[in-house]
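See structure below.
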Amino acid sequence: MSAIIPGLSSMYAGNAGSVISRGVRATKSTNFWIVISGFFEPVFYLLSMGIGLGALVGEVESSGKLVPYAAFIAPALLAVSGMNGAIYDSTMNVFFKLNYGKIYQTMLTTPLGPLDVALGEIFLALLRGGLYATGFLGVMQLFGLNLSWTAILAIPAVIIIAFGFASIGMGITSYMTRFQQLDLIQFFLLPMFLFSATFYPLSVYPEGVQVFIQALPLWHGVELIRALTLGTFSAGHLWHLLYFVVMIVVGLIFTSRRLKKLFQD
Amino acid sequence: MNILSFGTRAVIAHKLRASKDYLGTVFAETFLSPVAYLFALGVGLGSLIDANGQTINGIGYLQFVAPALVCSTAMLTVAGELMWPILGGFRWNKIFEAMFATPISPAEIVRGTLFFASIRGMAATVVYTVVVWAFGGWVSFESALWCIFFSLLLALSFGICCLCLSAKVEQDSILTLFYRFIVMPLFLFSGTFFSLDTLPIYLQPIGWLSPLWHATQSTRALSYWPEQAWLAPISIIYLLLIFTVFYLASVRIFTRRLTK
Amino acid sequence: MPNPVISAKSLVKKFKDFEAVKGIDFEVEPGESFGLLGPNGAGKSTTMRMIGAVSNRTSGDLEILGMDPSVDGPKIRAQLGVVPQADNLDQELKVWENLYVYGRYFGIDKKIVKDRLEGLLDFAQLKDKRNEKIDDLSGGMKRRLTIARGLMNEPKIFLLDEPTTGLDPQARHILWDRLFRLREQGTTLVLTTHYMDEAEQLADRLIVVDKGQIMAEGSPAALIRQYSSREVAEVRFGSDSNRSAADALSGVGDRIEVLPDRILIYANNGEEILSEVHRRGLVPITSLVRRSSLEDVFLKLTGRSLID
């Protein structure tokens, strides 16, 4: 691995576990209800959109299969919650720790390296994302929105999606110096949330717009999870997975280099 | 009592000056977000609904959803401006303490902060209204004016609720919970994206209590369904009542917290 | 002669086009208490960050415990205790958890960490505050906790960046007492300060830095002997009259410094100077005689006050 990232030994002490245990402890001490409440947001969206809009929209076609509207948007909301959770943890949360809490500064005066910090924080984000995904999938099951046994694979899929977003998000956040700049992230996320075949099939768009949206990560996440919960998954969906693997690797390299530059230069 | 007294204006001026730095972000947000929403919901989702042969009480989906989008923007903008910044003003940067050390009174601080947030909310509302017009979402000019009028009432009444709560609490986690369990459900279940009567009967009271529903539904009634226009005066009184109660409470809380 | 634990030669740190540290040389012996004295912006904190192996030097040589910080950063940091200028305690954790979690960052065994933190809570006089939130501690308590935290890994070198800035006099004295104990136990201390009384209390030897350069080096007493007289008479005539009064006082004492608010007259015997002032028909609004301090050394070396 040293060949990929020069000077790995100065970046990684193999002790990301202590960063994770700090996060779990902090959650227990202060953020418990916040973490729990995060589960409800996508559920509210599902109830509102699924019940309310479902009556207006009727059935929707996905991968050649006609499905109820609620079953169509539920996997999209699951992918979005994976993205949002990861983004929240890797932007707002990281921003606060960078600029106000000075928590990373403290960590980096110990033998811990930037990669320990990045891996630890990202793992925490994934842990949370995984729990939310499991809960949400349970709600979907309750409403009869999982149309195939492959739905269970949506949990690891959400974690992979979250990993991709978290690893990039943390690096981007390190460039931000003021709270208002975090809104810029929302700018990017909002259209992605609205347009990535979340609420209606991509086919309503002209060709050019479709290609653009297919280049964005969330669309891949939505397609992957939707295929899993609707039971339309095939080998053709594997490239969505590949997209996220690349995103994760690039994100990790980018973020740990950034942290090193910020704190150890 | 002079509503726009010197102190109130000073507070507004202070907040405006402080927000100058991120004017660019605010403007982009104010402009991009309605375009994105209208495109996604009005055009994208609307096409599905229209293809399904559905209207809401004879109204196309874009026209139906437009007033809700405008009003909810007013609501969410003031909420963002009057939750964490208020708690922060007491706890983190102590800006209210600094204001109170001058001849400015707690009531003036409350009004100044509220009015500033409402100005921001209304700026967003007006931009949104224009974007809706570009998408062909208004049936008449009056309809757009009603929407702005109700957005203002909503901004003031819902804004003062947020301000009141945020002045009361010590922990920012309470605000996150309030946002997730009150503000978001209000946004999602106030007949915003679909008519309230689509919901099961036990969820409908959320709408009747919701300031957002009153603002949205009154605009719709006045624009599309004259037979329901009786709702408008009730909504106006309801929103003014909320405003009065929470304004008085806010002034008391500010006074108590600042003189503690 | 044991090997120095810190050795810097022509150490330079540049930020873009600004040179914060301009080629300084110093060594710190094991068990020594070494001070960096200088005003804000002198380059003290930058030097501390380089010693702490969290900032890479631009050029020159730096050895910490025989290792090069740009190569062996983690190994060096494992043996350092760090107390940053501003407390950066973890607000989301309780008092004891702050110590526990920090110990774990070093990869120290859980049981050992738990044992040590008891002793450290005691040392920081925070035993009865162990379950409090950080927000509820006073400034002095937070500072003591930060210091205790820095001792969690039983460091060979303890770095303190302005340990008592912003504390009230009583809290400072408690803290000095704690640091004095560490010194007695043989911990190597490196501290920066812009308070001369703190440097006099805590440092065996110090360097005076200004604008990234070393102006003088020695023990506090030696520096005072070398750069100042035994006593100082301070006289004030009011802001508008100090300058003209100083002209009338020329030739009195060894040396005269005119500051905006007062005149300092350096001499072996301050009382004699005051009599001479009165003999010349000048009546100061206030006057006092005191021993020379490092403040005077700094004034002599740079022509400026330490705290502006």
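The chains carry the letters A, B and C, assigned in the order they are written, with residues numbered from 1 in each.
The working rule: a residue touches a chain if its C-beta (ideal position, glycine included) is under 8 Å from a C-beta of that chain, and two chains touch if they have at least 3 such contacts.
Since we're looking at a predicted model, the values are computed, not measured.
Peer 1: Taking the touch definition from the header, please name the shape of the chain graph: line, ring, star, complete or other.
Peer 2: It is a line, because the chains touch in a row without closing up.
Peer 1: So which chain is farthest from subunit A, going by the mean of the CA atoms in each chain?
Peer 2: C
Peer 1: Tell me which of A-C and A-B has more C-beta pairs in contact.
Peer 2: Counting C-beta pairs in contact for A-C and A-B gives the edge to A-B.
Peer 1: Mind checking the centre-to-centre distance between subunit B and subunit C? Centres are C-alpha means, answer in whole Å.
Peer 2: A distance of 53 Å separates the two centres.
Peer 1: Rounded to a whole Å, what is the gap between the Cα centroids of subunit A and subunit C?
Peer 2: It comes to 46 Å between the two C-alpha centres.
Peer 1: Give, as an integer number of Å, the spacing between the C-alpha centres of subunit B and subunit A.
Peer 2: The answer is 29 Å.
Peer 1: Do you know which subunit C residues sit against two or more other chains?
Peer 2: Residues of subunit C never touch two or more of the other chains.
Peer 1: For subunit A, which residues are shared contacts with two or more other chains?
Peer 2: Residues 30-31 of subunit A each touch two or more of the other chains.
Peer 1: Under the touch definition given earlier, write down the residues of subunit A that touch subunit C in their complex.
Peer 2: 9-10, 13, 15, 18-19, 21-22, 25-26, 29-31, 101-103, 105-113, 263-265
Peer 1: Touching subunit A in the complex: which residues of subunit B?
Peer 2: Within the complex, subunit B contacts subunit A at residues 21-22, 25, 28-29, 32-33, 36-37, 39-41, 43-45, 47-49, 52, 54, 56, 61, 173, 176-177, 180-181, 184-185, 188-189, 192-194, 198-200.
Peer 1: With touch defined as at the start, can you tell me which subunit C residues reach subunit A in the complex?
Peer 2: Listed in rising order, the residues are 52, 54-56, 71, 73-75, 77-78, 80, 82, 84, 86, 88, 90-94, 97, 101-102, 104-107, 153.
Peer 1: Which of the residues in subunit A come into contact with subunit B in the complex?
Peer 2: Going through subunit A, the ones touching subunit B are 30-31, 33-34, 37-38, 40-41, 44-45, 47-49, 51-53, 55-58, 60, 178, 180-181, 183-184, 186-187, 190-191, 194-195, 199-200, 204-205.
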